[in-house]
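Shared between the two complexes below is chain A, which has chain B as its partner in the first and chain C in the second.
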Partner chain A sequence: MRAVFSVALLSFKEGLRQRVLYGVVLAALLMMSGAVLVSGFFLRDISKVILDFSLATVTLGGLTIPLFLAIHMLARDIERRTVFSLLSRPISRGQYLFGKFNGLLLLTGLVMLFLSIGVYLSLECGEFLFGERFFVTVSWNSIFAALFLSFLSVMILNALAVFWSTLTTSSFLATLLTVFSYVIGHFVDDVVRFLQVNTTGVEISSSIKQVVEIAKYSFPNLAAFDVKSVAAHGMVIPLADVVFLTFYAGIYCSLLLTLATIFFRRRDLA
Partner chain B sequence: MKRSFTLLVFFSVLFALMGVMTDKVHNLRTKYLAASISQIGRIPSSVLVATSLEYKGVVADMMFLNASNFIGRNLMERRSPQPEEWQTFYLMLDRMSALDGRFLDTYVFAEMMLAWQARMYDEANSLLAKARRYRPDDWRMPYYIGFNHFYFQKQYALGADYVMQAANISGSPSYLPNLAARLAFYGSRSKTALLFIKELIAQNKQIELNPELEKRLAAFEAAASIEDAAVGFINRFDRRPVNISELVKTGFLSAVPLDPYGGEWRLYIDGHVDSTSNFVEREK
Partner chain C sequence: MIQAEHLSKKYTGHLGRKPTLALSDVSLHVKEKEIFGIVGPNGAGKSTLLKILLGLVKASSGIASLNGVSVSEIRSRQQLGYLPENPCLYDSLSVVDHLNFIARLYQLPKDLLSKRMDDVLTRVGLDDVAHRSLRTYSKGMVQRAALACALFTEPDLLILDEPMSGLDPLGRKMVLDIIREYNSRGNTVLFCSHVLNDVERICDRIAIMNKGKLVVTVTPQQLQQEEGDSPLESLFMRTVLEEGSA
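Here is the complex of A and B:
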């Protein structure tokens, strides 16, 4: 556990040194400020518009870590051979991966926390500019739930980034696969629902149905973690749903990290 | 020092050039920007929903901005959109409702533009019926449908039924049950229109978006004041007034109000008032 913590801390510090991260946070905060101004063009749902944009910005900010930083950091460890200096200590390859994942998770948490403060500020600014009556539907419980679920979906993508990095030798390919996983993760549930509807006159081949069924169980259902619209309208997000999705995310990440460890153990790093 | 100064001069020249060019670029783009509307509404709902990933709300907001820009440009250029443009506009609102079913602005826009401007009552009603599924707690949706049936489609009983449904939703204004009863019984139009427009203006922060509505409000206020005066006259004299001048002579009206559209008022035997202008701007 100590070894995992050390690798996590090291990765976290390494991530903080990446200047691109500060650029992302700054750009995201600017985008939120823009959202406050743009919301003035709307008729009634001003708080909804501010929340749509600012919650999406928090997710986009968080996504920069699995989609860009995570793979870059993992690949650099192997390319610069710093992984050897770590693995020569009493740290197993599994502990190294788990530590890396936790470091990335800490980094994601920090970035999303910063941007969540931005959500609060943009709502306050909006209320100051347009008046309280447009903000009566704002529910902080729902906003917290949406932000937490968004964090969990980025956590799954972090695990996917680690997984694809151990499976391929090319960081470009790993990035591409992570992006595809993200898109499929948001797509697959809608496709499954589409296939469940029997439309008269439309025949769908059984092979397509099988492929979709395989994708359904292979890729995470990231769409389920997207409750930003629900939060933007101030509707209730039941705690039971949040707890259930937390378990789902935990199990999916553990599964991916286990698989990643199996592949990484067999990988020739020399 | 000399190098820094050269750089500063170079920067200043570039900055000034950029300042001049910014306006030129803006003007250059204007000629390509006809008052057109995005064709994104032609994409099937299911495809649009799936491809918007986890940014459905943001995509709906951006589509609203495009639709709003389209209306604003038409107003600025004093141009009436063509029927096919209104159809594209309707499709756009429909896709917005598919992306974010609870998005209130979509439905307020549908009522303001599709019903009042484009006269696409069925399309407006179909969007509002969709809104009732997503916003069952919102009395305005059945109210708008009721008004469309009553005022535009002359289906008085159906209109009254919808307004009554709106009245049964908690949080609805206290005048709705009376209004529904009045709609069903009298079929009076001016007061209903007046209340409706007031509600629309209260809901619409950007009323300057459509000054036509303000003009209509003034017209209906004038018509409603004549109708109210006629009711008062009947209550006192137990007969109908012969004409509007009689209402002025007997003091029920201080003066004949002005029709902002330039028409002459007509008082009907059932107490209903309208104008020869039909509340339509005269061609100049």
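Here is the complex of A and C:
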């Protein structure tokens, strides 16, 4: 546990020193400010537009951690052999990976928390500029649930980034595979539903159906975590869904990290 | 202290590349309180041998242990300091950040931490720049920072892979002095180097590796029988030329 905590803290510190992080946070805050100004063009839908924009910005900001920092911090650790300075200490490879993942999670949490404050400020600014009557449908419970689920989806992507980094020898390939996983995770549900609908005159080959079936069970259903539009409309996100998705994310990440550890243990760090 | 029996390592070839035999039936015994040097041409298998001892690479056959503990167990690295060839530390962090990480890992008490940090940073000559990020360091300074990390826990065993690489003459002298001082406190040092003069000057025993094999092990006394200004160089050249390098 001590080793995991030490590696996590080191990774967190290392992540905080990456300038790209501050660029992303600044860009995200600018986008949110822009959303407040632009929302004035959408009378009646002001709160929805602000929320749509700012919640999407939080997710985008969070996504930079697995897609840029995680790969940079893990695959390059192996590529540049920085990992030697850690694994020559009494740290097992599993502890190293779990530590890295937890460090990334801390970083993701911090960035998303910071941007969530931005969401709150955007709504407050909108209310101040356009009046309270446009914000009566805002549901803070739904906003919190949407932000939390967005955090969980980024957590899964962090685990995927760790997983791909241990399987490949190049940081570029690991980035590519993580991006693919994100895209598949977001659209596999739509493709499955499309295949289930009986469209007359369209013949879909059985091999495509099989590939989609494999993708459905191998990749996480990230679309299920995307409830931004529900929150933007001020609708209720059932607690049971949030609890179920939390377990789903937890189990999926544990499985990925266990597999990553198995592969990483077998790997020669020459 | 270090025991290796019949170690072999074959790297499997990927994408049509031929497999490489990096190490072939190497047996090695390094005694406590000894400075043991390994020399050999590029590709002789020195770094692979060290990486097996550190658990970074798994041997294809044979066994190795540190302090009687198999290298496959993480507790074998509890009392170990390692300086890799071309050390790569986190360049966005400072040497103090690295030392704090090690202190946290080994649960060093706070009072001991600050004293030991001051000692080791002064020893490697980085006390003035300890809080600067490593990306502002020269190659030699990074080497010294990595040495500070290796020495920080005062380990029983120090494994150094090309410790003099990238250092100016003053830096080289400093590293040699540190190795001697460290050894005089009863600790063991295993190191690889291309600089034969340095190895000759400080080692209790020297092994010459070539083509993945440990060809010969000699003591300085045995070296005196060799001819020339640098007996180790004569022996090295003769051994490597006889065998042909990798």
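Please note the rule applied: the second predicted complex is superposed on the first by the 268 of 270 C-alpha atoms of A that agree within 3 Å, B and C clash if a C-alpha of one lies under 4 Å from a C-alpha of the other, contacts with A are read in each partner's own complex, and residues count from 1 in each chain.
In this section, a residue touches a chain if its C-beta (ideal position, glycine included) is under 8 Å from a C-beta of that chain, and two chains touch if they have at least 3 such contacts.
What you are looking at is a predicted structure, and each value in this text was computed from that prediction instead of being measured.
Enquirer: Based on the superposition on chain A, does the combination of chain B and chain C result in a clash or a fit?
Expert: In the arrangement built by aligning on chain A, the partners chain C and chain B fit side by side.
Enquirer: Check whether A:I91 is in contact with chain B, with chain C, with both or with neither, and answer first, second, both or neither.
Expert: A:I91 contacts chain C only, not chain B.
Enquirer: Considering only the touch criterion stated at the top, classify A:R80 as touching first (chain B), second (chain C), both, or neither.
Expert: In the superposition, A:R80 contacts chain C only.
Enquirer: Let me test your reading of the model: by the given contact rule, A:F194 touches which partner, first (chain B), second (chain C), both or neither?
Expert: The first partner, chain B, only.
Enquirer: With both complexes overlaid on chain A, does A:A232 touch chain B (first), chain C (second), both or neither?
Expert: In the superposed model, A:A232 contacts chain B only, not chain C.
Enquirer: Looking at A:K13, would you say it contacts chain B, chain C, both, or neither? Reply first, second, both or neither.
Expert: Only chain C is touched by A:K13; chain B is not.
Enquirer: Which partner chains sit in contact with A:A27 here, chain B, chain C, both or neither? Use first/second/both/neither.
Expert: In the superposition, A:A27 contacts neither chain B nor chain C.
Enquirer: With both structures superposed, pick whichever of chain B and chain C touches the larger number of chain A residues.
Expert: B
Enquirer: Figure out whether A:D45 sits in contact with chain B (first) or chain C (second), or with both, or with neither.
Expert: first
Enquirer: Just to be sure I read the superposition right, which of the two partners does A:A223 touch: chain B = first, chain C = second, or both, or neither?
Expert: First partner only.
Enquirer: Taking the superposed arrangement, what is the smallest distance in Å from a C-alpha atom of chain B to one of chain C?
Expert: Least C-alpha distance after superposition: 26 Å.
Enquirer: For chain A, give the residues common to its interface with chain B and its interface with chain C.
Expert: Residues common to the chain A contacts of chain C and of chain B do not exist here, since the sets are disjoint.
Enquirer: Which of the residues in chain B end up touching chain A in this complex?
Expert: Those in contact with chain A are residues 46, 49-50, 53-58, 60-61, 64-65, 68, 100, 102-105, 108-109, 203-206.
Enquirer: What residues of chain A sit close enough to touch chain B in their complex?
Expert: That would be residues 38, 41-45, 48-49, 51-53, 55-56, 59, 130, 134, 153, 183, 186-187, 190-191, 194, 222-223, 225-226, 228-229, 232-233, 235 of chain A.
Enquirer: With touch defined as at the start, can you tell me which chain C residues reach chain A in the complex?
Expert: My answer: residues 11, 48, 51, 54-58, 74-75, 77-78, 80, 82, 84, 86-90, 92-93, 97-98, 101-102, 104-105, 107, 133, 146, 149, 159.
Enquirer: Inside the complex, what are the residues of chain A that reach chain C?
Expert: 2-3, 5-6, 9-10, 13-14, 17-18, 80-82, 84-85, 87-92, 268-270
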